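Submitted below is the structure of interest, expressed as structure tokens.
By written order: A, B, C and D. Residues from 1 in each chain.
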Amino acid sequence: MGTKSIAVIVGSLRKESCSRKIAENLIALAPPSLALDIVEIGDLPLYNLDLETDAPPQAWRRFRDRMHAMQGLLFVTPEFNRSVPGALKNAIDVGSRPYGKSVWGGKPGAIVSGSIGNIGGFGANHALRQSMVFLDVPLLQQPEVYLSGFDKLIQADGTLLPVTAEFLGKFMQAFAAWVDKIARP
Amino acid sequence: MGTKSIAVIVGSLRKESCSRKIAENLIALAPPSLALDIVEIGDLPLYNLDLETDAPPQAWRRFRDRMHAMQGLLFVTPEFNRSVPGALKNAIDVGSRPYGKSVWGGKPGAIVSGSIGNIGGFGANHALRQSMVFLDVPLLQQPEVYLSGFDKLIQADGTLLPVTAEFLGKFMQAFAAWVDKIARP
Amino acid sequence: MGTKSIAVIVGSLRKESCSRKIAENLIALAPPSLALDIVEIGDLPLYNLDLETDAPPQAWRRFRDRMHAMQGLLFVTPEFNRSVPGALKNAIDVGSRPYGKSVWGGKPGAIVSGSIGNIGGFGANHALRQSMVFLDVPLLQQPEVYLSGFDKLIQADGTLLPVTAEFLGKFMQAFAAWVDKIARP
Amino acid sequence: MGTKSIAVIVGSLRKESCSRKIAENLIALAPPSLALDIVEIGDLPLYNLDLETDAPPQAWRRFRDRMHAMQGLLFVTPEFNRSVPGALKNAIDVGSRPYGKSVWGGKPGAIVSGSIGNIGGFGANHALRQSMVFLDVPLLQQPEVYLSGFDKLIQADGTLLPVTAEFLGKFMQAFAAWVDKIARP
């Protein structure tokens, strides 16, 4: 069974975001059967069907081309206003079109959400799950990952607290098994 | 009791969108106690905390200034991938910041969702409600408005089918009563 | 402005439940404009339309009669499997019928959710909110109450930790103001 | 690959419920790799941890024993008040306990929701999905099944309208493939 390519999509756009740092650590924790790569979403123009011409925005095309080549999906996102950030939802919308050419369908996925406070991004996590039903992305159910105190899980050198690293390492093992079961060869 | 200013926020960006046409009809149906005005969201850069400097993007400032002056909120939105469009969620995020200066808090709101198929944008409608809890926007509960067959409710001359006009007229009456009860003078 | 009668509905049926203890403390914290009383739901037969005859179950009648006399609603609930307990949902269903005779409509409501872990019953809280839209119960939006570490907030003598008491006292003030604004005289 | 046993759980308790009739038709439409059987939930006492003794209610034991023997899950449910009926949520709660002995974990599942009106039970469908994340039930994502006009899909002789039969036949094929991929042998 060969290595599977996994798109890592980070919900926050700021440079020093907790989500990005968590994502980088998840990449380091991944078992060898997964090749993870962050796919950027910050330059995608807001979805507008009027732009879906023969020459859609260059950034949309770049994003869609990269995503089509991917075999699995890992979302790492903060919660904004009890849901996913607009930037992440916009990437989902851009990737879902044009009609019949979605980049998402059938690819195994998993979600890591987090927030500064206690709630661990629960609202964002499940809002994203609702979209993934329509987009036909089979999601890893357990372990659920809700990271509370998002900003305190990362040490000064950028690595995770040991207890978080252990938990997220197990999560990545479960995700790799899920990808093996679901991904197209 | 004076006229209240209501921001109408349209979830779809395309020019000829059903949401915009419905919004225009809702403006025409509004009782005299409400002054409705569409506030555009299509030019808002994706929210990114790194841009929240002394000079944030001009479009963010314009949007925030207009929204601060409003006394109530009417959302008219399609469903994209079982949730609100990324563009609408982005506007919500932009309006919620900077911390402590949200444009949303305490203003009475109502939601109209729609979709081409049967489901009437139920997923978008309730995803938006979840964000409005955090943003402290008291929402009109009944009548719920889920417009199915979104594209068939508008006649060639741009007006609504009579049955839809009657239903949405009653909805606007209920919204006006809600605004009277909740809005700050 | 007279005292308003508020039904307190506790989502957990076990005798020593955290929800019940929190509910009792909320009753003690209530400002004088609210008269709170727990309405029991543990003896309600599962809703079944076939039982909706001229002589529906006695427990349904008792519940409906008591609830009809109430002017507001306070839900205090744990999370079971990322949603409200079946017992609570059943009480909501029983109270919503027969058609046209719902006990819920138009009464101001508020929600306190909790869980042993970090998430504070977020899933239960918002699942309940979704039902309250249909049932036309205007809900207090802020402060949201998600009690994490539910079982550690109550001291040996049954009273709340001071920090929790202070937070919930403010919540009860906000709820009382909400009831004043919304409740029918 | 042998036949897999699938529990069919019907959300409505009334005898002549649309959900039950749809469930019976789904059983008839199932491909030979699936052996479907309705597991009754109407006699389950409301979940109460105080009853979780050495001798829990007989109905709980019967339900749990039958469910433990099942390899997959098919939910067929109406929407009550924008969520699953209390009776169905109660069955989920009963099956999830005692701690560490859930009947649900790891079994492939699918959901059919319906309502008399247009919305097709969308609220119930996704409320159920949220619980299934926690319970580690991998769900079929597509085709989603939202049955609108629930009561008009079944003919006088109890069979489905041809167009509905065709759609649900395809759904059962997709479910069978999902079970093959996920179910433990």
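In this text, a residue touches a chain if its C-beta (ideal position, glycine included) is under 8 Å from a C-beta of that chain, and two chains touch if they have at least 3 such contacts.
Since we're looking at a predicted model, the values are computed, not measured.
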A-D against A-B, pair bridged by the larger set of C-beta contacts: A-B
Chain whose mean Cα position lies farthest from subunit C: A
Distance from subunit B to subunit A - Cα centre to Cα centre, in angstrom: 28
Junction residues of subunit A - those touching two or more other chains: 82, 123, 126, 130, 133-135
Interface residues, subunit B side, partner subunit C - complex: 105, 126, 129-130, 132-139, 141-142, 144, 181-182
Of all residues in subunit B, those that touch subunit A in their complex: 12-15, 17, 42, 44, 46-50, 80-94, 96, 123, 127, 130-131, 133-135
Subunit B residues within the subunit D interface of the complex: 82, 118-120, 122-123, 126, 146, 148
